[in-house]
Each structure stands twice: as C-alpha cells, then as structure tokens.
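Here's the structure, in structure tokens; my notes come after.
Chain naming follows the written order as A, B, C, D, E and F, and within any one chain the residues start at number 1.
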C-alpha cells in the first residue's frame, strides 16, 4: 500500500487548484498517453431533444471530482476495507476535451472518434465525460478493430431510435448506432421507464438485436445478483451511463429527467458486481447538465460513481492477476 | 392502435412550440368543450400559509408536460406493453385558466366554480392544475348536482381545519369544505404526516366524517393492494393531489414541504390500482410553486404523474368497455 | 381610441392564462395569417460558441410578455401621451415556433426560412424570437424577393465571420451571410465592443461591405440623434437585436455576455427614432438564454423592448398615413 | 459623538445573531414602544398582479440590514463626514410584523392599521417593510387624526387605479386610496414609466388630485434640485418607496419589474434633499420579493437605502434643533 | 394538555414575525437562562475543507423552523397520537449566536465554549445549530465537569482525524477531539460511507477508542432496533448530527455531500428509540450551508428533525417521570 | 502581428477544454516559471465578515476567462485598433493556487507569500485571483525587497482597520498592513463609499499614511483624467481590485455588496490611463464569491477586466520600448 503523504508537500484541499478529473495530471500530448485510464470530455449538446447545457458536463464533473481527490495514497473504503486506486498502481490522466464544432454534428463526432482512437491506441481505458448521449455513438464506433464488447447501459430512455426527420446521431439514437457497428455483441439496458422512453417499434428492434431490457422496477424485483446473472459473464464490458437513469432526486441536473429512477447503491452494486464477472474496457457518463444543477448534486453523483467504479475495476483486475 | 406520424408534418420536439398541457389543443370557447379531458389552470395562491408562488403552477406544469408530449400516436409504456392515450381515442383540450381576482378569494373561487361547471356540463373530465390547495374547495363544490364521489387525497397535511380567524377557504380547509357539500360520500387521505399536519381535533372531525387517514409509513406497511382494499370499490373517485404529499427530494418546489413523503411509484401504483376498481371522474393537482423549483423536478413530477394517470384512466375505461 | 373593457369579461391578470406573445391569439394555420404582426419563435441554439439554452428564449419571452399585456384597449405611455397598439387597429398573432431538428442546422434553418416566407407572403411583419443569433441568417435569407432592406444591428459582437472550421451558419456568421444575400443594402452595427467581438479582418470585411460600426462608447459620444443621422433615411429597416448588445446588468441571461453594454433607454430611443425616419419591416431578438436568467430580467427586457418598439412602429405608420 | 466599543463586548459580525432590522432591539409590547423609529413588517402579498413572494420581504430586508449594522457608535459616512444614527441619540426598535390572515385582505389591512396606530400613538416614526404595495393603503389610513402629509412616491407604476372587478385594495390602488383619506395634501410621484404603468384615465385622476408625476427621464432632465423644487417645502412628508421604482439591474427581486428605472444615487440624493426641506414622518418600502432575488442585491438595496435615509432624517432634525 | 388559542391573539402564520427557533422567545441575558432547552447558533465555517457557507446555517434553520411553529398548544402527531412539546410544560429559548471572530478559530471556539457553559450552568439542554462540524469540538469540551456522555454521531464522514498540516480543530477532527476529553465514554458513528470518509488509520483510531462505526448499508441491514441494541442503554447521550449524514436528495445544501446517505425516517426512528433507552442531554446539528440550498429543503430537514427530536426527548422524560 | 491559426489545429471553442486562466498553459513547477505573467489563485475566504464563498473565486474566474480566450493570435480591440496580448510576445502561465490550510490564517498567508515570492523571483508579473481581500496582505508583503510601489485600490470599503478583537489579517485590514510594509510609498483608494465602509478613525489613519481617498461620486466629478492626475506618475503601481468596488448590478456575486459602485468603463479607463503613466508590476482581484453569482456576470467582469488590463499593460510597455 502506498505511503500517506499528508505532511509532506501541500495539503491540497479539494477547493484548491486546477480542476482536472480527480486532480490527476493533464496529458494533452495525445500521441503519448501513458496511463491506465485516460479521461476525455466531449462537451457536445446539439443532440438533445429538450434542455441543453450538457456541454458543461465535463467541467462540472471535473470540479465535483476534486471533492473525492483528497485521499492521499489512494481511496480507502471502510465498508470493503480496501484502498482503491493506489496512486502508485493506477495511473489516471486527463486529456481535456474532444474538439467540438458548433452547428456541425458530423465534425464533432469525427473529432470524438479521433480522440477515443488515440486513447485506445495507447492502451489506456477511455473514460468519457459527456455531453449528451449522442456522444456515445462516435465513442463506441471508435472501438472498431478492438475485441468485441457487451454494452451495459443505464438510462431512463431506450435510445434505440433508427431515424426521425433524418436524424441518426442525436441523443435518442446512440444504442441503435452501437448495435450496427459489428463489434457490439449484445446489450443490457437498465432503468428504462415511462411513456416517453421510446416507441414500441424501437423496443422490438432492440430485442431483435438481442438486447435485454429492464425497468427500474424489474431491477428491484430481480435484485443485484439477479440482474448480474442476466448479463453474459467473462466478456468485455463497455458501460454507458446516462445520468437520467438515476432518479431526479439525486440527478436533477439533466436534460430529460424521468421520475422513478435508480438510487445510488442500486447502480453502484451492479457496477461492482460487473467488475467481478468480466473486464470493463471503457465507459462514458453522459447528460449531466450543470445549468439545471444549482446544488451540484448531479455532478457529485457522476464524480463519486466514476471514482468508485474505477476503484472496483482495478481492484478486480488486481484480484484476478494474483 | 394509432399511426406513427413522425415523418409527416413536424418533428415538434418538446422544447418547440406553445406550452399547452401535453401540447394538446387550446379550447377557450368554454361553451363548446368537446373533449374527454378538459385541463383548467387555477393560478390562485392567496390561500397559502407559508411560501407563495403556486400561482405559476399551471404554467410550470404545462411547460413540463411538453417533455412528455412527443410520443406520436400515443404514449407507449413498455412495462405494461400498452399504448396509452391513443390520440384518435382520447381527446384532451387545454381551456386556459380560471379568472383570478387579486385580493379577492370569494370572486376567485366563484370564477373557479364557474369554469369547472362548464367542464362538467360538457361531459369532459376536469383536470385542474393549482394553485394552492384552497382551489380544491370551489372545484369540488362545482360537482354539486353530479353523482356523488369518494375523494382520494394525497397530501402531507390533513387540510380539514374548519375555521381560524374567520378563514374557511384557505389551503388548510378544503377537505373540510368538501365534507360539507353533500355529494362527497367519503374520503381516503394518504401521506398525512408530521407535527404540522393538523390538530387532534381536526383528525377527530375527519374521522367522524368517515375519512380513512393513513400516513406514509402506514401506506408502506399496508402495501399498494392493502391501501386499495381500504378504498370503497365500484364508486366514482375524485382525486386531489397536493404535491407536498410527495417527498421533498422529488417535490421541493412547494409552499409547505414536509420530509418523509411518498416516492413516485408509491403514488403511481395506487393511482393505477384505483382506475381498475372504480371510475375516476375528476382530479386536481395543487401546490406546485415554481419559484422554489429551480431544477424543474417538481413540475416534471406533476406532469409525468398526470400523463400516466390519464393513461390508466382511459385504458381502464377501455378495458371495462370491451 | 379603443374602449376600456376592464369590467366586461375577464380581469385576465398577467399571471393568468396561456403564454402567447402579449397574450395575443395563436395562429397555427400558416397559410391563413391575417395580421399586422406575426410572432415566430425559432428555438435553435446549436450555433452558440459558449453557453447554450437560447432554445428556451421564445418561451421565456412569451411568459415575460404577459406582464405587459394587461393594458386593455392598448398600451398607454404617459411620457408620450399616446395609446400604443390600439387593439382595434393593430393585430398581432403568435404562430408558434419554426420546427427545429436536433443535430441538424441545415434542416432547422430551412424550416425557419419556410416559416418566415409564410409570414412575408401574408403581408404581416415578422417578429422573430430566437434562439441564438444563427437564426438571423435564414430569417434574412427568407426576405429574398422582397424590397431591399438596411439592417440595424444591436450586439456586443460583430457576427461577421465568414467561415471557421467549415462553420458558416453559427452565431458568429449571420451578418456576413446577410451581406451576401443581395437584398441587404447596408448595415449599421451598434454596441460592438471588447476583445472577443471579432478579428480585425472581419471588421475590414464588414466595412468593405459598407457597414457602419459603432461601439457603445461611440454611440454615447454621438447621442441618439447623432447615431440616427448615420443611418440612411427613408429606407426599409430590418432590425436584429442580440440581447448581449445590452449590458449584463440588465441582460445577464445570455450565452456570451460582454460588460460595458447598452442601457435600456439608449436602445429604446434609437429604435423610436428609427421608426420616424423609415419603415421597419421585420425584426428578430435573439440570444435570451433562460437558464442563466434566474430573476427573469433578461426576458422582461426583451418583452418590454419589443412591445414598445411595435408600438412605435405602428404609431409612426399611423402618423405617416394621416 | 458616541464611544467606539469594538473591544468591549462582542465583535458581533454581520452574519452573527438574530435578524432584526439593523440588529436593533425587539419590542413586541406594542403598548410600550419607546423609540424614535419603530420598524414594522407587513408580510402581505395577496395584492400583487403578477409574481408573489413579497411576503418574505420583511425577513429579507432584516437579514440584509445586518450587513449595515456593524458600525459601533453610529454609522460614519466619509463623503458627508458625519456619524449618522449615533446609538445614544437615535433609538430604533423592531416590532415584528402585522398579523396577516391568509385569504383575507380586509382583516390583514385592519391588522396593519392597528399596528401603525400603535406606533403613531407612541410618538415613534413608523418604518414599514412590505409586503406588496397594497399595504400602503392601510398604513396611510392609520395616519388619520395626525397632521396632514405630502406623499413622496417612488415607483414604476402610478398605483392610482380606483377599482377593477371590485378590487380597491390591491397593489395598483394604494395611492388612489391615500388621495381619498383627507389627510394627504398632495403627492409627488417619481419614476413612473412604461406602457404598463397605468391607463390615461388614472393619470388624469391623479393630476386632478394635484399629483405631480415625473418619469425617470423627467427626473434626470430636472436634476435632483429641480425635482426637490417641485415638492412643497416645510411640510410633513410621508415617503412610499416601491422597490420597482429602481432599475431591474439593482432591484430584480420584485413582482413587476420595469426596465429603465432609477439608479441608487438618484433616489438617495432626492431623499437626502427632502430631509432638509421638511420633516419626514413615516415611510414604507415595499415589493421586495426574495424568491426572485437569488443574489440578495434587492434586499441590500432596500436595507442600505433605509439606513441612509434614517440617518439623513435624524441628522436634519439634529441640525434644525441646534 | 394546553389550551388551543387560535382565536385569541394573533394568527401568527409561519411567514409572519421574527425568525427565532420555532418562534420561541429570545434570551440574550445568558446569565439568566430559565428554560428546558436553550438554542444557540454557532455560525462558524472556517473549518470546512470544501464548500463554505455553513455560517448561515443558524439563520436558515431558524427561518425554516417557523414552518413548524404554528401548532398552538403543542405539536400534535397523529401517528403517535401525542401532543409533543406542550407549551406549558417545555420551555425553549433562543439565545442567539456564539460570537465568531473571523480568521481566528481559537477565539471563535473559546466563545463557543463560553456560551455552552452558560447553558449547562443554567440547567437547560443545549441545542446547537452549526456552522461546520468543527464547532462540535468546543461544544463537547464545554461539557467538562458534567456527567460523562456517550456520543451518537450521524455523518457521512468519520471526522476522526488527529492532525494534518497542524490542523486539529477543523471539520474533520471534532470526534477525535471529543474522544480525548475524558468525559466521553464511547461513540456510535452512523452513516459513515464512501472513499472520502477518512483514512484507514483514522478508522483504527476510532475503533481503538471504542467507537462503533456503521455505514448506511450496515444500518439498513441491522434495522432500527438492531442499531439501538448496539448503543449502550441507560446512559446520557449527546447527539451530533452532520446533515451530510443524510442523502443529498434531501440535504443538498451542505459543504461536502456524499451520495448514499440516510433518508428521513431512518434517522428519525433511531432518534426516537434513543430517547427511550437513555437521556439525551445535548445535541448539535451542523453543516447546513444555505448558499447551496436554493429550495430550502435542507433547512426544513434540520428544523423538522430537531423539532421532532425535542418532542421525543421530553415525551420520554415525561413518561419516565410518571 | 501574429498569424491567425483558426483552421490549423483545433477550433477550441470557449466551452471546450480545461479551465486555466484564458486557457493559458499550466506551470506547476514554481521554480521554473518562465513567463511575463504568472496567474496564482489564493482560494482563502476565512477573512470575510459576511458572506463566505470567495474560495471558489479563482475557479470561477478561470472558467469565465475561457470566454475571452478564443481570439487566436491575440485579442483585437476595434475601438483602439490594437491586437492586445499577441501570443508570440506576451507569455502567460497559470500556476494553480497557493496552498490553503483550513482554520489557519497564519499558515495560509505564509503559503501565499511563498508562492508570490516564487513569481517575483522568476521575474514574472503576479496576477493574483482571490479569495477574500485578506489575501492582499501576504501578497503585498511578499514584495519586500522589491522596488517600492504605489498601490491603486478599487473597493467599496477602506480596508484600513488596524485591529479588532485581535484580528489583524482579515478582509478589513489589508491596506493597513500594506501601509506598514515599508515598500509601499503611497495609495490611491477609489470607490470607497457608504456608511459601512469604515470608521472615521480609519479614514484619518489612511490619510495620515498619505492615502488619497475618493468615493465613486468623487471620481465621477473628477473624470478619468482628473483621477489619473491625482496619482503619482512614473512610479511602479500595484493594483488591488476588490470586485465590490463595482456596482452590485454588475458584481452581485461578492461577500459584502454596496450599492452605488463603479460601472465597467469607469474602472477600465482609469486602468488604461494608469498603464500609460507608470509601470504596473502586480495586481490582485479579490472577493468574487461564486455561490452568489448564479448568472456568472461577476466572474465575467473579473475575467474581462483582467484580460483587458493585461493587454493595456503590455501594449504600454511595448509603446515605451519603441
């Protein structure tokens, strides 16, 4: 275990210093990413169908993550009695953001694909901060040429629309686009709910692709292990988390809130279980819209969840490697 | 089932266009309401004993309801596998608001009664958007001459005060007034809680009238079916929902919040059950106070609940009519 | 002068009723617009380079305009001793919004052009509510085939960028696009200021086109009449008002605020003078971003300015016609 | 001049301690008010025609006034080189609030009259914190039996409506009611502006009563002294300040904002001049609506203005008595 | 039981009158506190490691508590069928705040100890309103010379840091300081969670002192009675409640929120149980930070919890004394 | 003039990428600062006497400054026809923040002095982002051993208190501390106003030191050049800007707002004049408190002012060096 360094160097309280993800080092030389995790912001919000503002999601999550950065030598969790993310073992860098071009979805998505490919080429795990859910499509497309993945998807909405009025790359389409890539072997879609989630025909299309779709109430009935049992084991997982999969009580700051969503431990425990039955190779967390988050709780939720999830992933890898 | 019409006509995203309830047509000719449901705002907030602002409730709920308006051809719910509110079968109109006269509760209530009578005369079901809970009194009084109803009441407070300092028509009195009308056969009052809910004598008066009073914890102990079993079956229901019956975590934007309230599915499932054991003939949803709802979640809760409740009501009628 | 009708019909206080512009009637049959002024929202905000949210501009301005709607029989101004907008002489309708397609600037702009052409065809004056300033381009393009106009432009930014990274239709380009249409004979650009307003080359391009560019301090030095004297007289004016031309003290709710902007009367008096020296044939007011306007003052500014400007226009026409 | 007492007793920073007006002592025994100034809140907001919330005005102004309370021994102003409000010479007490009865304007106004009469009987000067402007009517009515007063009125609106839909005591009527009392000898109305300020007939009625009406632009043209010269000298003044007389840039937190209002020194200097040409015997400051004042600037404006105005009044009395 | 007095005297609605705790009388003569409960604010927030603002906690809780003040004759709870806090039997006074000295933690804490000792000397029970959690240290130190207490601690964080960079009296240290006083016999720490809660070594130190530490999930697994069984019975309890022990859904307004916290009844029922198995002799509630609580729910939670807890304490004493 | 580089590399819109000051490079190796300007945050807010929150000032100003970062090749101002801050001529780095120790003013100030000395040693000009005004004291103390400076001070408050209750390093003391350093030759204090600005004795002490004190109204009477003429010429200036020197209309987000403050151009033009009559060698901008700045205008003011001031300084140096 790494050394506590509180008295040497700076106290470095959460509110002090630049806002990078978890106060980890910046790496803007994308041809020399040397890390276990590379954090990339994709501040794109032209794909949303209701409230915009998710373009400031990456900044808000970085700011919120500074609250969880002040464990020196790693992040101790007394419930698990584990020091997660030991700083000498897991290296995280913050790459900044994909270059977004206003008015231009095609170029913005290209730039996103470009950035994610840089991460994958370096061997680091991509951790993508949206932006609206439209950014999932170019991210997952960038995985072309990698080993296939199973997508685990948390969301209030199915996001499986093919096309409406010519739109194929908005925030209602990304899982459909993912299903077409060829390197996605299946999907588990969790938290889907309410009458605005999608049309019947989209559900049929998702099921035809092989997706397993569960509402929040379904998940509660099954329990954490019941859900985990429905997800293929021993495969590579890509996890996409739309913050509106969570309940508006803890995630009000989002574009299209839907009541009746997940609470914190429900998602956390599925994520923790997931790391034990397969390898998580990438993730995105999207739809945090800071203009609608005056108390900051949505940003804190995103940051806290990501920090814990990263800890679980590398602890599980560590356990497997022993 | 009605036809999907996404590619003909407008895309009509939620943030586009005028704010009527669920983007349904306006009907300001109150002598020619030709609809199944008539939505009426009553922007009155002179009855509140703490934070005012509910006068903007109707506008906020209308705005929020646009988020749930973009299912064309009806609202598909995959958990129930039902398309609710098929647009060719259920006609909703938005009548605008009762005319409110500042400083004058008597006239404002008169105008409210006038508007509700217009709806009832047309045969449509009134859906009333408050305003503070004081508006329930004139609304229920307007049902005079109709078949009697059983009131199902969601609230943190009993609202059964007779008179204090001469006040008989404030937001603490409406259920007492309802009990005196002669056309209310009974009440079920759900969610009542905490030391500020009412005096012991008001509880006694309510019980003497025949009211069944359950706290949130009582409801949780009984379960949805247990609660439904306590409500008379086969009767006409009028449902009055004070948004502060819900927990402040999902309904902070209200005048007199009270912690320990209902969560979303708890109320939703009672409402759904209700539609199956009797006929809902009117409803009001009150006390949404937008100045205290910076994230909009309270407005979304009201709109989402009403949309689903309407769906259940007409689906149940449809089932019964088969 | 029209009749005061306070005691007949409804009191109709500002907070009561649907939010249309100044509570004027809705006209959604765009082939039968029969009015002097047709109000159209264009809730597009994909063109912004900083804070999004202007998509809710039309709704916020409509809501704010209800405050200025309660003069019956017209709007009396005691400073001028004139009843503006006598309801029996000036007819305003609210057409709703152009249909916006998320992710797709080309289609959204097409839909905007389509709607504006409908207005022009009807003979009504278009009053456009943005949306970000990108919407000015399709609006002005829709004037093709009309008599030429001189554009009077209030803004902190020059908005005369030709192209960057392929972007030609963002919120930094619209006046450049206007200059290329062939039916814009000149421009007066007022309020332009600060280091982020544009590059030197854009200023040169604007001046080459014949634009007169004045900063806020220039305008103050010249005075209202001095400014009016620089604007060609006896021509048709199209006025485009970016709310960020105003000072952040009264217009904080916008995407790219710039300190040192116009105060209320400075713009009002130029607009009033303008109506006396030529005919205003259209206008847009853009960049009101409600998520950054918690007190509502930006929306009120837009509504108050537009109401007064409309009054001046029709009063001047009335004076000229006598 | 009184003694500086910083090191004896408590530091008593502004954020420390109960919120009374300027941290002055509470006096709830209204039959034993022994003070030069008695501060009374009237948290009534049922008279407003647009945004409610002024019921929390008294609390917000008290809280804001604590910022201006930490001069010990009085309030030194270096521009005037005067210590205002020497604590051993001017005694201020905070009486709490008039008892407001929800739904009931008549009783609420009665209670307001009752409280103001108690102040007047004690010989203290009433300083009334609204509430909406409707509260001015009962306050001024309570002056019956006192020597007559000339009212100096700051406002965006004329507030001289006689009756509409039976309403005679709303926030649009109070100056009309004052004009009918018999003990008001005249009025000067300053800051009145914009098309929503009132109808032509109300202006005529006010002028017939003898009111002098000046817009903000009129005041600016005349200058402070020019305005003071229009106000009768050597009489008793009652000052009623609607915070919306100020510009929305510094007073956004109010029910019916109107752009183009007064700036701080414009009003301050008229008030200071007033104290030198007659005796101010009472005042109210109304329409501060805290739900629309997230930064607190409106409350600070009210508190800062009142503190300075009180200082001017007692300094002028002191000068006259020498 | 005391007499209902609604019609005699004032109606005294929650929004009317000065903000003292539960509208109870002020007692600023600290040498003559004659009460069962003495409420003291400690508006100190220099101990926080992230968001400041808790200095306005006392004012916000007092304001919120007025909502729960309008039961006359005591506070009736229909679930328990008990009138709590009968006004003739339980006397509460509000002492105002400890004197805080900016920049100076040592003096501020001294002043806090001074004030608490005054309460203890009077025989009243101290109810302390923070401020950040640093204020717990001087409060508990002031209990020196009293009978020993067992501390029951609700918090997301362990707060058991000894020293970092010389800091021994910040908001991460208070329970460690308490453990060193000699008059604290043990601790039960509830709600502790997440990776930022503390280091492993602090957990060890706490356990070595004899602390029982339970996370939210531990508490849920044990149930209310299971938790109560782990707390020593028949002893004197001091209860310290960091509002961030609660979930951010109901307590967003705090400096260092942590998702996955307690819901309302979970804490309420432990507190109620506690009063039945021992005597509560003091309490503090800390870390309410109003600048991050735009809806007020955090302040309401604090006020509602404290009012109920006080009721339970005195009802239990009453039961024991029979 | 430097080359426009819009089409090579990234578009890099303001909302994209990490938040450093004006998106300039980070330099955390404080022993190798190689720049013309070194930006340092000092997120300390324990010195404030009213609203805290200025600890987030540095982050808010950095975020706001990204809006003014997108001029490539420098910042063109068309009023002056100058490209300011040509990127090949003026190098700015962002050092991050001084290490702040909660509860400990002495250590925090030491760490601030340490950081500023590093900048001065490197030869760069320090640009300090507060934090509250207390941070000015250690900053100016760090100039010991440098050539003496004249301080130009913008503020509502005199900040010249010697000691109260032992406090010598709070936000009311820094200019007094500066006056004692020996390397401050004089002061010009601008904008000082209102009864809460300071005691008479503090004014005397400041004048005895040789300070020139002007209120906002004094400055307006003198005009820009009149003020500049009162400031010694040809000396080294250190500029300290308390954002509350500005009017609350454009700087609401601060701890102790005072109405009647400076408008934007008033300060800008004095600053521009200053650069022409002497050399500015350091500056701090303090008291931006983001929790009270929901629209962001205060942060934008700080960023816009600093960007322009930097431009003036280096342009003036450039002019002098020709």
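Here, contacts are C-beta pairs under 8 Å (C-beta built on N, C-alpha and C of every residue); 3 or more make two chains touch, one makes a residue touch a chain.
Values in this document were obtained by computation on a predicted structure and should not be read as measured data.
*Asks:* So, comparing C-alpha centroids, which chain is the farthest one from chain C?
*Replies:* With centres defined by C-alpha atoms, farthest from chain C sits E.
*Asks:* Same or different, please, for the chain A to chain E contact, judged on whether over half of the interface numbers appear on both copies.
*Replies:* Mostly different residues form this interface, as fewer than half of the numbers used are common to both chains.
*Asks:* I'd like to verify one number: the distance from the centre of chain D to the centre of chain E, where each centre is the average of its C-alpha atoms, in whole angstrom.
*Replies:* One centre to the other, that is 39 Å.
*Asks:* Measure off the straight-line distance from the CA centroid of chain C to the CA centroid of chain F, and report it in whole Å.
*Replies:* Those two chain centres are 37 Å apart.
*Asks:* Enumerate the residues of chain D that touch no fewer than two other chains.
*Replies:* As it turns out, chain D has residues touching two or more other chains at 11, 13, 15, 49, 51, 55-56, 101-102, 165, 167, 247, 249-250, 292, 294.
*Asks:* Looking only at which chains touch which, which shape fits best: line, ring, star, complete or other?
*Replies:* Graph shape here is other: it fits none of the named patterns.
*Asks:* Kindly provide every pair of chains that touch.
*Replies:* The list of touching pairs comes to A-B, A-C, A-E, A-F, B-C, B-D, B-E, C-D, C-F, D-E, D-F, E-F.
*Asks:* Contact residues on chain E for chain B in the complex?
*Replies:* 4, 6-7, 11, 13-15, 67-68, 70-71, 75-79, 81, 83-84, 247, 249-250, 264-265, 268, 294-297, 300-301, 304-305, 307-308, 311
*Asks:* Under the touch definition given earlier, write down the residues of chain A that touch chain C in their complex.
*Replies:* Answer in residue numbers: 45-49, 51-53, 55-56, 101-105, 107, 134, 165-167, 169-171, 291-292.
*Asks:* Quick one: which bits of chain F touch chain A in the complex? Just the residue numbers, please.
*Replies:* Touch residues, chain F against chain A: 10-13, 15-20, 26, 41, 43, 55-56, 59, 62-63, 94, 96-102, 294.
*Asks:* State the interface residues of chain A toward chain B in the complex, per the touch definition above.
*Replies:* 49-51, 158, 164-165, 167, 192-201, 203, 213, 215, 217-218, 247-250, 252-253, 256-260, 292-294
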